[in-house]
Amino acid sequence: MRAPGGPEVAVGDVLLSVENVSLSFGGVKAVSDVSFDIRKGEIRAIIGPNGAGKTSMLNIINGFYQPQQGRIMFKGETRSKMRPHEAADGGIARTFQNVALFRGMTTLDNLMAGRTLKMKKNFFWQLLRYGPAMAEEVEHRHRVEQIIDFLKIQNIRRTPVAQLPYGLQKRLELGRALAMEPDLLLLDEPMAGMNLEEKEDMSRFVLDVNSHFGTTIALIEHDMGVVMDLSDRVVVLDHGIKIADGTPDEVKGNQAVIDAYLGVAH
Amino acid sequence: MAPNASAAADTFPKLLIRNALLYGTRPAMRQKDLGIWQTWTWAEVLDIVRAYAVGLHRLGLKRGETIAIVGANRPKLYWSVMAAQMLGAVPVPVYADAVAEELSFVLAHAEVRYAAVEDQEQIDKILSVKERLPKLDQMVYDEERGLRDYDHSHLRSIDDVIEDGRKALAGDPTVAAWIDAEIAAGKGSDPSIILYTSGTTGTSKGVVLTGERSIKAATDTVIFDKLNENDVALAYLPLAWVGDHYLNYAQGLVAGFSMACPENADTAMQDLREIGPSFYFAPPRTLEMLLTRVMIRMEDAGFLKRKMFHYFIGVARRYGERILNGQQVALTGRLLYAIGNILVYAPLKNVLGFSRVRVAYTAGEAIGPDLFAFYRSIGLNLKQLYGQTEAFLYVTAQPDGEIYSDTVGPACPNVDIRIADNGEVLFKSPGMFAGYFKDDAKTAEAMTLDGYVKTGDAGFFDEKTGHLKIIDRAKDVGRLTDGTLFPPKYIENKLKFYPNIREVVAYGDQRDFVCVMINIDLTAVGSWAERNNVVYGSYQELAGHSQVYDMVEKNVAEVNRSLAQDTVMAGAQIKRFLILHKELDADDGELTRTQKVRRGFIADRYGALVKALYDGSKEADISTEVTFEDGRKGTISARVKIRDMKTEPVPAMGKAA
Amino acid sequence: MFYRETGQFKTTYQADQAVFPIRQDRIGIAIILLLAFAGVPLLASEFAISSFFIPVLVFSLAAIGLNLLTGYTGLLSLGTGAFMGVGAYGGYKLATWFPDVNILIPILASGFVSAAVGVVFGLPSLRIKGFYLAVATLAAQFFLSWCFVRIPWLVNYNISGAIEVPTRTLFGIPITGPNATATTRYLVTLSIVVLMTWLASNLVRGRIGRTWMAVRDMDLAAELIGIRLYRTKLLSFAVSSYFCGVAGAMMVFLWFGSSEADTFSINQSFFILFMVIIGGLGSLVGSFFGAIFILGTPIVLRALPGLFGLSIPAATVEHLTFMVLGALIIFFLIVEPHGLARLWQIGKQKLRVWPFPY
Amino acid sequence: MDMLYKIFLDPFVQMASAPDLLVQTLWEGLVSGVLYALIALGFVLIFKASGVFNFAQGIMVVFAALTLVGLHAMLRDWGVSSGTAAAYLALALTVAVMFGLAFTIERLVLRPLVNQPDIILFMATFGMTYFLIGLGELVFGGEPKLMIADDLHLPRGAIDVKMLGGFVSFQKIDIAAAAIASIMVAGLALFFQKTRIGRALRAVADSHKAALSVGISLEQIWVVVWFAAGIVALVTGIMWGARSNVSFALEVIALKALPVLILGGLTSIPGAIVGGLIIGIGEKLGEFYWGPLIGSGIESWLAYVIALLFLLFRPQGLFGERIIERI
């Protein structure tokens, strides 16, 4: 399950690393001189108090923001910046803090849209929706159905996403990202605004994705409990600066982290 | 349909081969999976199952060994049953929702070495009781999800097993010959499956059924209901339940019709609608639930639509059943019904998924006349049957055109029924079981000396229709002092079918006559009260209201009338009744957690009332301790009125069962 | 209530993704097509055909074109009329250059001309959005309609400054020009519209349609799942303009038979935008509803006074028609912003779950 | 080569050689620019306050003018002897009508459509356009009319100023137009700065929620804004009418206002004015100096092309706020 582009990376090796990256809007420094890496096959958590620059970090990784300084190494290729489509082509998928689904489309179409990059049949076959185009459509529908099955959302297949409850929308967004068969999956607060039960479900899904598809995952999450259970390694940002990096236990013990969290109300 | 051909085949594997020949290209199984109905023809199924059997054999499954089947209705589990039967091994289906306790009991008792299970959930359940199952060796599963990191030394995916079998078959021609020989070697007298009765009465017992008998029975009913290879059934009831194994598996193989498995529990309703079965079974509970849903959804409809709906349902009640039974109906009636069919019945059946149903059965418990009538009146050919696991389901069934809500029909073809002196129903049937697994004592208990099976149910044959009526569990049936049969449940149910009446407790055993204590249904009677602006402050007040008494009295009178119809029951008419001042409640121990009345307990608790019922007093005082919602205890006391009923004259013939 | 979906199950994805998965719908569409191909020519008068049915078809096609751009891709355009014009003049030039090729070829090829032009004027859509873009397309509208007037080459230097459609035949039957009967022109138009509607529905239901809608609903997310925004938008402009262009060509060749430069004025653009909005954004069938509504209402309104035996001066009726049409548009936007298509959908759903309300 | 010369040099040579002509052209451009600006102003007012892209603004101009003229005629028929009296009475009545119009629109259109997507509201204003055209012509007749400039005592004639070796003639009416326009803009500015309702309106423009939180009724504001836009329309109508005459042909000038908006930015009043002037002047220069090369009538699209070019460099217009995208 890997997207084209970039050489194969062995499990445990560095899949992506950001080196001394800095980003600022006008005067505001969102991220300053941050470096860390993500190894293939791991679940990597990025945590930190509000406004720590976590989301900006994800936006840099998948090319929505271009950092002013620093480099990004992905699958052995080093760039000073990433373009969104480069990221997508390279196999980086993501979900968003506040759901960014295609609200006018059904669950099925949202997932199918996630397959766009994998669908190659040209315009004129599309026009006829016949032969190769149909075959392709069917093949990808089949893949998408496996995701539907995996996420247990069979009963909302034809529902316009605008009508779905928040929890399901979050799950569907994960599905859309999975549909891209990513090598690296960025989750921006996948459990934000969920009740306990939904959080447990989502955690299970995240773990299953990691074990079942072997997908590398980088996630931002506020719920410390969740982070500690899910992640193999954690990097902690505060006001755009990296203040800690290590296993959940190491991080938990780290004084700087504790201060940072005591510093802000939660 | 080729019953004669099937007569030749005396095991299910042989039937499978026959079907592959007769209906090779016709669908045998469908499953809603990945958004579409995956379909397997009889030929494909045979092919898969042969490979599967070979694979299982290579895993070490041998003739005579048992293999547990745990999970929901899925083709792969049905194939597991078939594959096991091919090898002469005995499948032992277990309810998917069984708790670890029951599961371990059954698996241990059946001494299974193998288990074919649905998914991680079931595997975890089994592993949790592993130490109690020393014999258990290999498990095969359908769904891989979540099992990646499990130790696979004793775990395989069914697909792999089948694949392994295929390779073996392809690699070495003798294997094919060998498996065919195995199938041929299977004898009709061998056990074909062991169905464990759900443990409602004591610990569950393993009912052993043989292939030959199963097929005989199925063949009879298939002919009885004119089922054929074009029929479709939805397998949505537990795979371990005799009903599913008989109605879908056995009859399916005999008639060659296709069995469809739903995608999952949430979508079952939708799947029913998509697949549109032509042969359908549902227990009364399900039918009741469906009807309530219909009525609730209609409440939200626009005024006109609602009016129209209820008007035509009325029309259906008047003419529907008569038309369905082919009796003659006035032209106006037929016209109205035809219009109703366009506007209501047909669309309704369509949204419920019943459009294509030719034969539908209900069984398991007594069904309310109104409920029963509703479905029949909109043109659904719903019938009742009576049966049990020991009979491989069918004992009696209602033939088309002879349908009554209060009978279960005459004996099925080749079934021989006898009523014991204590009113217990005894039978001999083609499909009757070979005995309980590893329990000859219980087997003996369950049989009469001359080889009849004791059903444990009391019943009698209705003179007019010649149909069997089941009245109660035999052990619960008492007698009045004059010797008249007194089946409390029967009387209670007759009353409970009235929407006004929630619960009923009947007394009469070893007494001169029958009395009942009644709980009214607060919602039903409450709304009645609003409509007739009867003011009331509490349940107690409403229960004591004289108009309510009048209303209930009417119901009781009707029940008496219907009891008087049967000479057997006529003597057991209700002489006196009262309406309890409080709702019977599980928290007060008056009901079981499954909402069954605990007659004995109530008799003690309301001793004063029972006494009053029989000493002729017009009313009685009672004070009882109650537990409130929040768990506080308190006592409520009341003066409860008692009504006398006049009873119908007992028909001449005198009483005798 | 007429639906009997029980037992209609799908065993393949092809069947599951068909345009009309429900049998009753297939029957319905068959009946409609039958009426369109046989019923109308047999029953309707020549006048009715050339003054209502042909226009409806032509405008429906144009509306579909605009709908692909505005309804599916979310790019508001006010230049439809101009793109139709490009098609018309393009077709005309092609027809004059290749007098011997079957007239259908220039008509269908005309779309490519407008597609090219459409792409050029679509370029700004990469930088600008919403009403700004709408006004940018107005630039196209005004510039192009200016060209139509000022460049006599476009009309082969006819003194009249108008296109004069030559008579051309198909299987020996004249289908364009003065001596083509309304019925034949209608049938040709209908065939083209049916064909192109089918193609459009193929597009919107497939990968391309999904990328369009993705861009419409959330362009940032679309970009991050690998959709190239500019390609997608330009493709949408191209396809949309193609449809409009062909519609324009048909308007001249199969409906008017000749055309003044102001045929393709700004008002035409607004007119078609009405159809799309009233019909329903992002719905092909809506485009037809919109065209029928916008063209039908005035006819009905003009007929009304007569029905009640009132004699109102024509001018007054004209003004009243304007008022009522305006009021109706507002009314519809208020009762159902998603247009007639949504109403249709709701009605259909009601029939499917009959007798239940939902 | 020759062509390039014609395009890139010749026009400027002409300008230099006949500066009086240049001034004349600039003046013409300035005046029509003022009128564009006025219409654009109406757009902006409404867009700021209610987020509605009011396509009907142009029609409101015509409708107002038509009403004024029509009422005046009626009053004369009903025996108001003095033209002046009739004129000012009609003016007052027209103001009243415009208020009624604003009120009705708010009630019947905006309120039911609140929170609908922009394009829907945009379409609704199309509906209004149709309705107003129908209404206006129904009541006052479709044929073009003369603006009652004299009865309103608007100046007429021209002042010819001798300058730059030639004569430049300034139409008095144009001077008046410019003057009145400036006064009105100033007035509006004051209104927004000083009055409570004005400040409220600015609050609304920033954020509807904010406005509600400080307890201002949106409905009220909308009425005021649409009324204001109506007045602007009326003035524009009078000015324009006085230069040509009153008929729905004027509609086209409404479309002229669109590029002005794009140029100035949909939400900026100064933008509307500057934009108006740029377009007006650019157009006239183009028409006069380059028109002959390309063929006359280019002012029908020149404005848009100018606007388009601007857009490619500032997608949010000259004065519009910068759009920052985030997720």
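Going in written order, the chains are labelled A, B, C and D, and every chain counts its residues from 1.
Everything that follows uses one rule, which is that a residue touches a chain if its C-beta (ideal position, glycine included) is under 8 Å from a C-beta of that chain, and two chains touch if they have at least 3 such contacts.
Just so it is clear, the model here is predicted, and its values are computed rather than measured.
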| item | value |
| --- | --- |
| Distance in touch steps, counted as few as possible, from subunit B out to subunit D | 2 |
| Pair exhibiting more inter-chain C-beta contacts, A-B or A-C | A-C |
| Whole-Å gap between the CA centroids of subunit A and subunit B | 49 |
| Distance between chain centroids, defined by C-alpha means - subunit A, subunit D (Å) | 50 |
| Where subunit A and subunit C are represented by their mean Cα positions, the distance between them in whole Å | 41 |
| Whole-Å separation of chain centres (CA-atom averages), subunit C against subunit D | 33 |
| Multi-chain contact sites of subunit C, meaning residues that touch two or more partners | 12-13, 16, 220-221 |
| Per-residue overlap in subunit B, given as positions that touch at least 2 other chains | 35 |
| Residues of subunit D touching at least two other chains | 327 |
| Complex contact set, residues of subunit A against subunit C | 62, 64, 84-85, 87-89, 93-94, 96, 100-105, 109, 112-114, 116-117, 119, 121, 123, 126-129, 133-134, 136-138, 141-142, 176-177, 180 |
| Subunit C - residues contacting subunit A, complex | 12-14, 16-17, 199, 202-203, 205-208, 210-211, 213-214, 216-218, 220-228, 235, 282 |
| Sites on subunit B touched by subunit A in the complex | 33-35, 145-146, 148-149, 263-264, 266-267, 270 |
| Touch list for subunit D against partner subunit C, complex | 53, 108-109, 112-113, 116-120, 122-124, 126-135, 137-138, 142, 255, 258-259, 261-262, 266, 295, 297-298, 300-301, 304-305, 307-308, 311-312, 315-317, 325, 327 |
| Residues on subunit A engaged by subunit B in the complex (per definition of touch) | 141-142, 145-146, 148-150, 152, 154-155, 157, 208, 211-212 |
